Amino acid sequence: MNPVNYLYLAALLFTIGATGVLIRRNAIVVFMCVELMLNACNLAFVAFARMHGNLDGQIIAFFTMVVAAAEVVVGLAIIVSVFRARHSASVDDASLMKL
Amino acid sequence: MSFPLLTATAVLPALGAIATAAVPAAKRTAAKWLALIVSLGTLALAVTVLMRFDPGGARYQLTESHAWIPEFGVRYELGVDGIAVALIALTAVLIPFIILAGWHDADPLETGSKRWRPTQGFFALILAVEAMVIISFEATDVFLFYIFFEAMLIPMYFLIGGFGDRAHEHGEETAATQRSYAAVKFLLYNLVGGLIMLAAVIGLYVVAGNFSLTEIAEARANGSLHMATSTERWLFLGFFFAFAVKAPLWPLHTWLPNAMGEATAPVAVLITAVVDKVGTFAMLRFCLQLFPEASKWATPAILVLALISIIYGALLAVGQRDIKRLVAYASISHFGFIIMGIFAMTSQGQSGATLYMVNHGISTAALMLVAGFLISRRGSRLIADYGGVQKVAPVLAGTFLIGGLATLSLPGLAPFVSEFLVLVGTFSRYPVIGIIATLGIVLAALYTLVLYQRTMTGPVKAEVAHMPDLRVRELVVVAPLVVLLIFLGVYPKPVTDIVNPAVKQTMSDVHKKDPQPEVEAAK
Amino acid sequence: MENLIALLVAAPLLGAAVLLCGGRRLDAVGHWIGTAFAAASFVLGVVLFADMLGKSPEHRTLMQHLFSWIPVEGFQANVGFQLDQLSMTFVLLITGVGSLIHVYSIGYMEHDERRRRFFGYLNLFLAAMLLLVVADNYLLLYVGWEGVGLASYLLIGFWQHKPSAATAAKKAFLVNRVGDMGLSIAIMLMFTTFGTFAFGPVLQSTGDAGEGKLTAIGLMLLLAACGKSAQVPLQSWLGDAMEGPTPVSALIHAATMVTAGVYLIVRSGDIFNAAPDAQLAVTVVGAVTLLFGAIVGCAKDDIKKALAGSTMSQIGYMVLAAGLGPIGYAFAIMHLVTHGFFKAGLFLGAGSVMHGMNDEVDMRKYGGLRKYMPITFVTFGLGYLAIIGFPGLSGFFSKDKIIEAAFAKGGAEGWILGGAALLGAAITAFYMTRVMLMTFFGEKRWQPDEHGNEPHPHESPKVMTIPMIVLAVGSVFAGAFFGIGERFVKWLEPVTGFEHGHPPVSALTVTLSTVAVMVVGVGFAYAQYGRRPVPVVAPRGSLLTRAARRDLLQDDFNHVVLVRGGEHLTRSLVYVDHTLVDGVVNGTAATMGGLSGRLRKLQNGFARSYAVSMFGGAAVLIAATLLMRAV
Amino acid sequence: MSAPAVHSLWTMAADPIEKIQAPKIEYGQLSPTLIVIGAAILGVLIEAFVPRRSRYYVQVFVAIVALAASFAAVVGLAAGGYGTTKAGIAAMGAIAVDGPALFLQGTILLAGLLGVFTFAERRLDPAAHGKRVDSFAAQAASVPGSDSEKAAVKAGFTTTEVFPLLLFAIGGMLIFPAANDLLTLFIALEVFSLPLYLLCAVARRKRLISQEAAVKYFLLGAFASAFTLFGIALLYGYAGSVSYATIAQVVDGTVQNVSPALAGTMGNDALLLVGGAMVVMGLLFKVGAVPFHMWTPDVYQGAPTPVTGFMAAATKVAAFGALLRLLYVVLPGLRWDWRPVMWAVAIVTMLGGAIVAITQTDIKRLLAYSSIAHAGFILAGVIATSPDGVSSVLFYLGAYSFVTIGAFAVVTLVRDAGGEATHLSKWAGLGRRSPLVAAVFAVFLLAFAGIPLTSGFAGKFAVFKAAAESGAGAIVVIGVISSAIAAFFYIRVIVLMFFSQPRPEGPTVAVPSPLTMTAIGVGVAVTLVLGVAPQYFLDLAGQAGVFVR
């Protein structure tokens, strides 16, 4: 199967994730969409690694997962603290600062 | 390595400014005296410069040159020609009078925090301005000049915005708002001008590779530095715009009436008699030398603008109800004459213009400072609030009249010489413009005499009935100015002798010769 | 000898400086100091005169170079003096009459607490006027020219507490400034044409210059002369100038300053000789003014204004003569001098009358004063006879010559100008007789003023009468002295040149007709004011009379056209400056603010919309990059 | 030195081998980073083991020592010629040690040092229950206004974790501009971003907006880094490697396609362009360039002011460093593709920042927008694509970071009952109440406005000059115009401080401890010195103007 299709899939996932970030209100969901985008990247990396026949991409994928994990830690911490303060996880509620 | 006289002339007031600012809040009077002494010291140095300067000698004298920012090709280069010397002298002469005239202008009304020291600030700022003005007269490096041309805005800005007339006809609150409006207007106008000039300065660097006025002018002269016509014109416009804002030239003038109206009289004098001169001076020194061709190209347009300034400024002066704004518009008219003289490209015009800068400085100082004394007595700037002052304060009225007569350039007083030179210089190249400009002298008579009549003559108004005549301090300020006006009116030769060689140089920079009289031409 | 010229000018200048800077401590003696300095310059003048008589007519000119004034490349202005017969004449007139009037003022200004300053101004005037006539180049002349203007401004407005005085002073200065504009333009033209503006070089090289240029110069000089000498169309200020103290009117606005215009034209004779059109213009101005002034003089009830009108008209004669070229110059100056005597005398007389009448100026409130102030009556009467050209008195000689010369111009012009001059003579006789009758003859018509204190007419003190007597003597004999044997003409000829005019009719006819019209004029006046009592309240009068009372509406014209128009112009300009010029800038600032406010709205606080902008931005970025490659 | 990259090591690992050859690490040249990160880890341990009351002192001590030592190391390296002659690639091609890297690391470290000072300030907030407190929450985890928070305050807790977090962030920033392959770039990005997200959330006062700032920053930041990562992926796909050198070679076409199998990807310009654009976009987000700037105002306003100051200064430095390296080392071959785009970005950034700032009413937001405008000016230098451009940008960054930290430090001083009084109206008449503070702030504002004799002018001039020389005259003119617009709002603040009557209920100016004083003092000193005699630093930046490949 043409490896390029994997790339298309990755791009598709990435776009879905981005769209999710743009349209979903719940901070958690938005965050999950970001994770989705990261995973799309991982797919792309792996696909490219296979095409180039070197392991760089695969290694990077691991790095990405670690980074994603770290982001989860930080992100959830922030989101949860906001949730506890406002009893709402909606990004749109967090709009005290504007203009 | 001789004693850096020029640097000293600029550094002394700078240090004086710092010292004055450092005087503790309680020692208000000490600060005043310190400032006065420093300004007198500067005057002494300026006189030394005058003495050491040899009109017949090299174009730039007492030069100093040190590396400063090689990265930008910037050098610390100082040097004075006749024009600069004359203007430095003017500055150094006027500042002590300005300080003396503003003796009580900055005494704090309400006591703010213990650290709030308006008086110290006021005089420190004046000295700072003096330092910057002097160094921009001395700088022969475009970048160096630009730095101080711009930097002097800041102290001026605080002087305008921070200190206003005592009792203001509309009350302190509005006064404050008007002041800050005037200050901001002043700063923004000049900043925009300066920034546009910055673009041109950078452009000049890109073209010329350094900032040394002498080198670039040299290279332009012997053709080793070629500029595309369009480039030269753009750069010229960039420079000229900044100077025209500063000068100010119609239609970039509207900041001046606000600034002069709201500022105290001494500061107003500082603006129009000292700081604005940097603009006209720079036209002579930078525009003509760096961009001779473009200057000639722009001459017609500039002359027309100058002509408009002359007539327009005078007409608006007639229409003013506020003494200080009237003087401001009169100054606009006079700056029109100066610029016209510069760009008439005749030796009469340019010598006249330089002389005009000096004379206008003195005459405006005389008129404005006396007006300031008058205003401080009555607490109003409105002409309508006065009348019959001549009866109660004859000396004040007399000096005011002399200042006015100088403003309408009465023969026998200094401004006449310069104004006539400018007119002749312009007329001999552009007769029509010259004739129209002559209308200016009628209008000048109109606004001056109307002002005098409304304020000084007629039945004595009740509010001015007990107005004291000039005090000793005020006489000390005015008398020397009057003497100067008369002396330079009868015997301007000392100044012209210094200026003429420099003007001859400039004329050769722009490759212009005076038009020949018809009779010789016929032969 | 030369150095005396500088002293001549310096003496009164010093006097002015002393008096004006001296302060109150000089109040007691100020008037004596002033008079002393004036007298000193008169003595100097006499000494120089004597010296001059000692030389042969061709070598009488004294030159003195003092110092280089404004040296700029081609433009070399010097402070230097030139004293020739023409200047000499003026020097004597100015210092002589000036000194007399100083003396007179001692009495006249006795009760004014600012007398010291008054004398200071008078001295200042003398200095400026002397500078004007002894300068050796036009620019220095210009200095004197404006200097006398300043002095006249200060003196007209001497009683500043009166708004009318202040206004009159301002008006005088402004109208003069218009004239000065002409002078400065003339100087510029000279500079561009001859490369100099010193009398000698300019006047000698008129031959090399094009006639067009010379005509232009001539017209500009004429404009200047009109301003200073109150000639139509710049005459409007002279009437108001009477607001000044009477000695001022006598000295400045009758005898000396107002004649400066004539001096200028005669001095520039060579230019006019080479520019016939300019000359014609001069004669026209002169003729028009002499009629204008005369008509105005007929209608005024204010004695000083009547005399002012007469002054205008007499100067009209001089200008007319000056416009006639070499045939007229000498007579212009001659009439100028005689006029200096009798007109000054008349004004001093008027002053003396006012002095006795609580400063009442309305002739309708005089009448029968001859009984109360005999000396004034006699001196005034002699001056009267002189001005109407009563045979044998000075006015007769000078005026008659001018009329003759006018006819001698020849052709239609000659007839028109001559006719105008004759008519003028008649009217002169009429209005002067009117003044005479209304003031000194008939019944007393004065009543107590609103404060109830009735004037007690009395003769003035000696200090005032003596100058009047002296001037009266001058006005009687000067003409004969000058005229018989063409003494005056010979004296001036080396400077102004002279040709004998040849009128189409014999000189005798001209003289006789002059006398005839004079008699007619007197007769009319007597019929109207001598035979029947003069109403205290002026009758409405004919249209012409009413127009004449208002200076033939010339002021109204100025008011409507210049003043009103000017006010509107300035007001609208102030508006424009505020709304348009300033508005543009404030407008840009405002638009910036508005733009900023609108862009601010994008920052709506919603993280997702931020994300949208980022996403969009990224899309644009990518698209642009690809596009760059594509193109 | 072309990269015998780590990755080739991995690829070799595919076939059987006798012995594993250990990777070669130049510890000396990496010492600045290592010191800081080590100190950060140490900080974590301190949090775990040192008793609460003495943590603060130990943390501050460790942080300051570490940063100072690291800075010393940077100076040492620079003196050792590693910035110029001995510049090279370290850590098997992962990190470049060259002029720009060292210059920027030095700047970041100094900024960090001043940052630590402002972090450690404990005199400004009124003492809670007799205990000195800094501007960080007593217990970040506790709900604002809850009992647990009150208890924490009463107990005198303070969030001393901020110091290790700061150190981690600095560590990341040190790597960021030195990163020599895209992976390191990404990791560094995350390493310094994540701590900053947290730091934004831990303000003591106004905690709600603080947390909101954190959320926004975090979500948008993660969003942006996702883009970056995808861009990296595409570049990797294009070049078959993430090492800058290799990519550059492929771009220049010096490496020919190995096998036709790779024709689809290797050397496919679409991948290159799109990938490059996305990576650049991630960096533009960090520098706050329009249209990726929208997080800036909110985050700057919400975050604790010391954090804002540090972030505004250091992040910009690091991000621009990385951007420069990317554009100058990886994509010079694409100059003609990205320059026009960057032109556009620079222009809209300059104008946008300046215009929107006019109508701001909160001093912190105002400074945020001004920082956006400045990002635009710096971009003008970036697109000069000449060594002059690089050095001008370096100089500008150095000058700018000190002004920024100083300015925000002053903001921390002006306080009223509700903490810092950041609304402009409250600053009215400050000049009368405390002339000195107002004067200092005025100096910073004038520097922002680029008035001569301040560092701002020297920087602006350098950047514009470089741009003009590279033929970007239009950029210069627009830059000049926008700085005229910008001048307007700086002046507005000065007017407010000096020419308006003080409000009776106006804020007080707290007297800070020597820490903040030092921060402000250094800020002023550098501003004036760089304004009057910039030559030395210009030389420094000039020597540092060359990237190693």
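Order as written gives the chain letters A, B, C and D; numbering starts at 1 within each chain.
We adopt the following convention: contacts are C-beta pairs under 8 Å (C-beta built on N, C-alpha and C of every residue); 3 or more make two chains touch, one makes a residue touch a chain.
On a predicted model such as this, the values are computed, not experimentally measured, just so you know.
Visitor: Moving only between chains that touch, what is the shortest number of steps from chain A to chain B?
Guide: 2
Visitor: With centres defined as the mean C-alpha position, give me the chain B-chain C separation in Å.
Guide: 37
Visitor: Can you compute the centre-to-centre distance for chain A and chain D, using the mean CA position of each chain? Integer Å is fine.
Guide: That gives a centre separation of 24 Å.
Visitor: If you average the CA atoms of chain A and of chain C, how many Å lie between those two points?
Guide: 97
Visitor: So what's the Cα centroid distance for chain B and chain D, whole Å?
Guide: About 45 Å separates the centre of chain B from that of chain D.
Visitor: Check each residue of chain A and list the ones that touch at least two other chains.
Guide: Residues 18, 21, 30, 91, 94-98 of chain A each touch two or more of the other chains.
Visitor: Could you tell me which residues belong to chain D and also touch two or more other chains?
Guide: 215-216, 219, 223, 227, 297-298, 488
Visitor: Among all residues of chain C, which ones touch two or more of the remaining chains?
Guide: Those would be 600, 603, 605, 607, 611.
Visitor: Following the definition at the start, I'd like every touching pair of chains, please.
Guide: Here the touching chain pairs work out to A-C, A-D, B-C, B-D, C-D.
Visitor: What residues on chain D touch chain B, complex-wise?
Guide: 432-436, 446, 451-453, 457-458, 461-462, 464-465, 468-469, 473, 476-477, 480-481, 483-484, 487-488, 491-492, 495, 498-502, 533-535, 538-539, 542
Visitor: Which positions of chain B touch chain D when the two form their complex?
Guide: On the chain B side, the touching residues are 67-72, 112-113, 115-117, 146-148, 150-151, 153-154, 157-158, 161-162, 173, 176, 179-180, 183-184, 187-188, 191-192, 195-196, 198-199, 202-203, 205-206.
Visitor: Flag every residue of chain C that touches chain D in the complex, lowest number first.
Guide: Chain C reaches chain D through residues 589, 592-593, 595-597, 599-600, 602-603, 605, 607, 609-611, 613-614, 616-618, 620-622, 624-626, 628-629.
Visitor: Which residues of chain D touch chain C in their complex?
Guide: 215-216, 219-220, 223-224, 227, 269-270, 273-274, 276-278, 280-281, 285, 290-292, 294-295, 297-298, 336-338, 340-341, 344-345, 352, 355-359, 485, 488
Visitor: Considering the complex alone, what residue numbers of chain D touch chain A?
Guide: Per the stated touch rule, the residues are 7, 10-11, 13-14, 140-141, 143-144, 183, 186-187, 190, 194, 197-198, 201, 207-209, 211-216, 218-219, 222-223, 226-227, 229-230, 232-234, 236-237, 240-242, 261-262, 264-266, 297-298, 301-302.
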